[in-house]
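Pasting the structures here.
Consider the two complexes below, in which subunit A is the common component and subunit B and subunit C are the respective partners.
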Partner chain A sequence: MASENNPALRLTNISKRFGDVVALEKLTFDVRQGGFFVLFGPSSVGKTTTLRAICGLETVDSGSIEIDGKDATLAPIRDRGVAMVFQSFALYPHLTLSENFAYPLREAGVSTNEIKKRVGETVEMLRLSHRLDNKPATLSGGEQQRVALGRALIRHPKILLLDEPLTNLDAKLRHDMRAELKRLHRQLGMTIVFATPDELEALSMGEDIAVMETGHVVQQGTPDELYERPRNLYVAAKIGSPHMNLLEAKAQPDNKGLDTPFGPLVVHHRDLPADEPLIMGIRPTDIKIAKNGEPHILTKVRLIEPLGDLTIVSFNAGGSHLRIVLSEADAIGIQPGQDLGVVIAPEYVHLFRKADGVAIANAA
Partner chain B sequence: MRWVAAKNRAKEVDRAGWGRTIAAAVVSLIYFFPVLVIIITAFKKHTDALAVPAKLIPDAFDWLVPDYLTFSPTTENFVNVFSRSFSTGAAAQDTGFDLFFFNSIFIAGFSVLLALVIGTIAAFGFSRYPLKGNDTYLFVILTTRMLPAIVVIIPVMLMFRVTGLAGTYTGIILLYTAFNLPFTIWMMKSFFDELSRDVEDAARIDGSSDRRVFFKICMPQVVAGLAATAVFGLILTWNEFLFALLLTGVETRTVPVAMSQTIGGDIGVRWGLLAAIETLFLIPVILVTFFLQNQLLRGVTFGTVKR
Partner chain C sequence: MTSNSPSSGDKLLTLRWDNWLLALLAGIIAVPIATLLLPGFLAVVVAGIFIALVVITAIVNAWSRHIGGLLVAPAIAVLVVMNIFPLLWSLGLSFYSYRADRQTLRFLGTRNYERLITDPVVWDRLTTTAYLVVLTVAVQMVIGFLLALLFSKQFPLRRYLLILVLTPMMLSYVAVGAFFRYYYDPTFGLVSQIANLFTTEPFVLISSTAGAFAAIVIADAWMWAPFVMLLVLAGLVSVPKHLYEAASVDRVPGWRRFWWITFPYVKGLLLLALLFRTIEAFKLFDVVFILTDGGQSTETIALYVYRQAIQFNKTSYSSSLSYILLFTVIVLTNLYLYLANRRSKEA
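Moving on to the complex of A and B:
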């Protein structure tokens, strides 16, 4: 039985190769019951392969998959209680909408009356009541998406897998569907595993995010944890928009601060390795414009990108390119080519070892 | 919905313009002309059929064209197909053409169906469960169609003699099935290749076995391909002459063979009779093509346009 103590899904040391290509390498993560779990990473890091392994479309070479505390590594697909929405939606093109909805129930031997009832419920839940006799090809992308979602939800799966479900939608629809998915998750309370290459999607939707790099999980945590305490350069560079500014730096021998491309910088971190090249990271939101008379770093503005309420300003400091995010009001009057004094607060600096990218000190 | 379609079609005519539409009609007429001559000849008496210049207009139109270009239509050729006297003055005899037509339909229909069943399953295998050297196998399958029939006719005849298949339905049906298989496999494989694998995986997650995926998901999507393949196979088999001539017996003779054997006799080639047989022979193929035309169009253009 499902128990609150067991994770809904546990992958342990999963490895999978296709010929010479390593798709998954000792992949390990837990998903808690009823959680909204995000697998995040750029394309071809193995997100889709992971999902296919969970639902049983791929058999893994080694490692184990547990669903609800029971070993499901070799379980047949239909016994896993897992549904999936494909990036391409994968609707049955030769069946009408209601037949698409009914298909999983028919295959499970559900009675005709029950099928009718559940199709009705699903259609209502997704607000799709019209066009039930149409074929999928006549629907817009957003509608196809909802049908795909409905077909996955109709048999009340224990775990719902979503493989980049929003990638094929336009920006407006994507935004609506994000809200819709969260609403459905709250309403139905099932466990969701959501794969996406989009950090904004990952951060805004995931309660728990696993950042993937070439077949394994680099760091798993809440959006705040990943944002505030990235375990290495890879996570630091992937999470946050615009991306964290990364600069080469070196600890000063007397342990007072850092040598940076734009001069010495006092930091709070102590006991920094003095003989090793470091990478300093600072979020674009953590750099401020110097107030009058405040000691500052002198920079030259290169580019202004107004985004409405926010403005991204890129500038040159000691030969390095940095970006800061300013409110629209703060950005008024800033011109490309102009000199600008900025302040980096020591407590916001992240430090990584250059050699392997591992974080040695995160922002306070 | 029908009137919308008609309206759209009218719009298409508008877009192409009358000039192009008429040009297309003229070209079509040139292509269709030989068939038209055959159909007209089927309604001519022997003397009219031999006339030069050719009489192409029924005499109902003699107010429009000079007399020497018109003929008076007759249906006697069609009667003669099935029953006629073989020498002057003799009583009319059954020609056996009802059997030959049955043979043609039965043999072509059965072998195309058989090739479709076997070929579709084989094509699915080649598409979804590729072997090592899959392409080589596919190539080897096609090589059987690379030789002219005349090259393989002697070994095939010997095989038929030894196995006792000569002159039997089983023999000729098996042979035609073997002929149609390479083409069927290649065609159907390309249709299966075009299908989205995600859709099949979705069905597997929805609880379908591989067999149900094939029958419930894949097959319905390639109906157009089946229709196109069936029509092409049917036309090839329907018109086959050489093997039918040498490998069918009196009881299993097909129309093309029987047709050739009406040539000769006391008045030379009976063009009217020949044309009547050909006209009747055209009907089944035209009917099949007509009823499958929507599927056929989708079938032959499959994969050439983005879905």
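Moving on to the complex of A and C:
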């Protein structure tokens, strides 16, 4: 098999414990060559441990790590060709910016001319040329972030690991850096593994996202796949903002539809398990206001949250709370306490078994 | 008060109990005049009165401005009685010819200092001190550093060993001196006992100059290496762990990591330890006094001062020598601080 066809990185059944605490449990995923791969999950699901295992800072208890088709489970750090940007940036505080860049190269035995050339390229790319002689402490958060990134990139690693690199930045900078990272990825074409607890970051940057839950991957897929076909309740609840509305429901005996808190609802799902409690999920964007004369569900508006061009409207329907997202124009005139008719399109309904959260395929 | 201008209204010149600046000014003017006009003993009394006046007015001033003045007064009083007054008094004495066993006092101006600087014995003692300072501080720094490296790792019994290693620092100089005197004792000392395993000749460490120096350096280093260790250890544990991880991902080999990451964190504290230990070693007295009593040309400058002052009663002469020492230490300190500040500005 040609090496181009190998995944850049393949983790198989990785397990890792710290004492009694299970950090990783049969973690498995592939990262394709040149991909922008996102490890997504809330804190303490093992994202950082995964990255540390990939770059060799942690040894795994079992399982295998392949880099470029070659087994690297026990390879020393220096042979892995992996660079990592730490959440805390970990810049060398007593070296100037250009020394921070040059230092890893000098240690790797790169010639002085080459170092000069690469430092030049890197500061150009990251727009840091005016700061070359400053110490890290005098740089702003965004600049430190770019230095940390540059120090990793300058080695031309095969794989770049980013551990929540944007978490320490303010909202505006985070937005800029997201664009910056995507641009760099396109420009340099290296494989990136990016860990983040922020779903917006995950969805906007990742070509391929692995959703993690307590040490293993629940679902891996493109942002659209995760959004449209969440494999279970966990993924459904994590992906999408505002979060998916989740309601208890039950299949009707004739297998035609659902009993929901606000009345019967026809859905496209086949083989609905009868006599089993279900969870119905519906995205806030998939609930529409009923047009005149259309059959609708009657609800009472509770709360209105204007977000500029979008407005989130919360309402009561048959004893449960639901949220919908409306464009600003559609939301004009809606008042708290008002009655509102809404329509749920059956093709957008997600169904999960309540017992284990596993999704039931939508036929639509 | 002797100098008092009739033109009042000016704050500095108002005659009040809290006007310590005026008292100081008056003292600065009056004391030299008294020195020139009055017989020696009376001049000293005048100087003493002015020093007391400055202190009293300063306390009254502090008291009138903050209630806290009285609260710190006991501490200030102790400080004045034990430190400030003797310091000023001996500064005054250093310009006179005075012996503690005689009540005669004669103004000499700077003649004491002139004599000191040209005295070959003083230079010899200073050289001895310099050797001891360099040797003992170097040994302490190296051993302290190595100990700190050891104790920055985790190993069984580390906590108890740490306490044990820190004990010498808490002992009194005299106790340490006595310990080592017994170690080095020619007949039953531990060192000679061990030496006797290899040679039948009696082993007297302190019988040669080199041996005596070694004896002093070992004792002093034993006592103060833990101090260096403590400071360096503080530096070692302050290095963020993620820097080491970043370095290992950056493929930096272990010893280079030490030089580039650990050392910059320890540097400042190492300099501090060097400063403290140099100043202290400069005053090296107790251990030398007990171990060799200045024999085998190990008499340090501090021991020399002691001898001049206490044994030969050359009070004013030793005062001026003490001031030369104080001046030297202040110069050394400022040199270090200047270097340290320049370094930290670079960092």
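Convention: the second predicted complex is superposed on the first by the 360 of 364 C-alpha atoms of A that agree within 3 Å, B and C clash if a C-alpha of one lies under 4 Å from a C-alpha of the other, contacts with A are read in each partner's own complex, and residues count from 1 in each chain.
Quick note on the criterion: a contact is a pair of C-beta atoms (placed from the backbone, for glycine too) under 8 Å apart; a residue touches a chain by one contact, two chains touch by 3 or more.
Note that this is a predicted model, so its numbers are computed, not measured.
The superposition on subunit A brings subunit B into a clash with subunit C.
In the superposition on chain A, A:135 makes contact with subunit C only, not with subunit B. Of the two partner chains placed by superposition, subunit B and subunit C are both touched by A:104.
By the touch criterion defined above, A:124 lies against neither subunit B nor subunit C after alignment on the C-alpha atoms of chain A. Common to the subunit B and subunit C contact sets on subunit A are residues 52, 55-57, 77-78, 82-84, 86, 88, 90, 92-95, 103-104, 107-108, 151, 155. Contact residues of subunit B toward subunit A in the complex are 196, 198-199, 201-208, 212, 217, 220-221, 307. Residues 52, 55-57, 77-78, 82-84, 86-88, 90-95, 103-104, 107-108, 137, 151, 155 of subunit A are the ones that touch subunit B when the two sit in their complex. Residue ranges of subunit A in contact with subunit C, taken from their complex: 52, 55-57, 77-78, 82-84, 86, 88, 90, 92-95, 103-104, 107-108, 135, 151, 155. Residue ranges on subunit C touching subunit A, taken from their complex, read 240, 242-243, 245-253, 256, 260-261, 264, 347.
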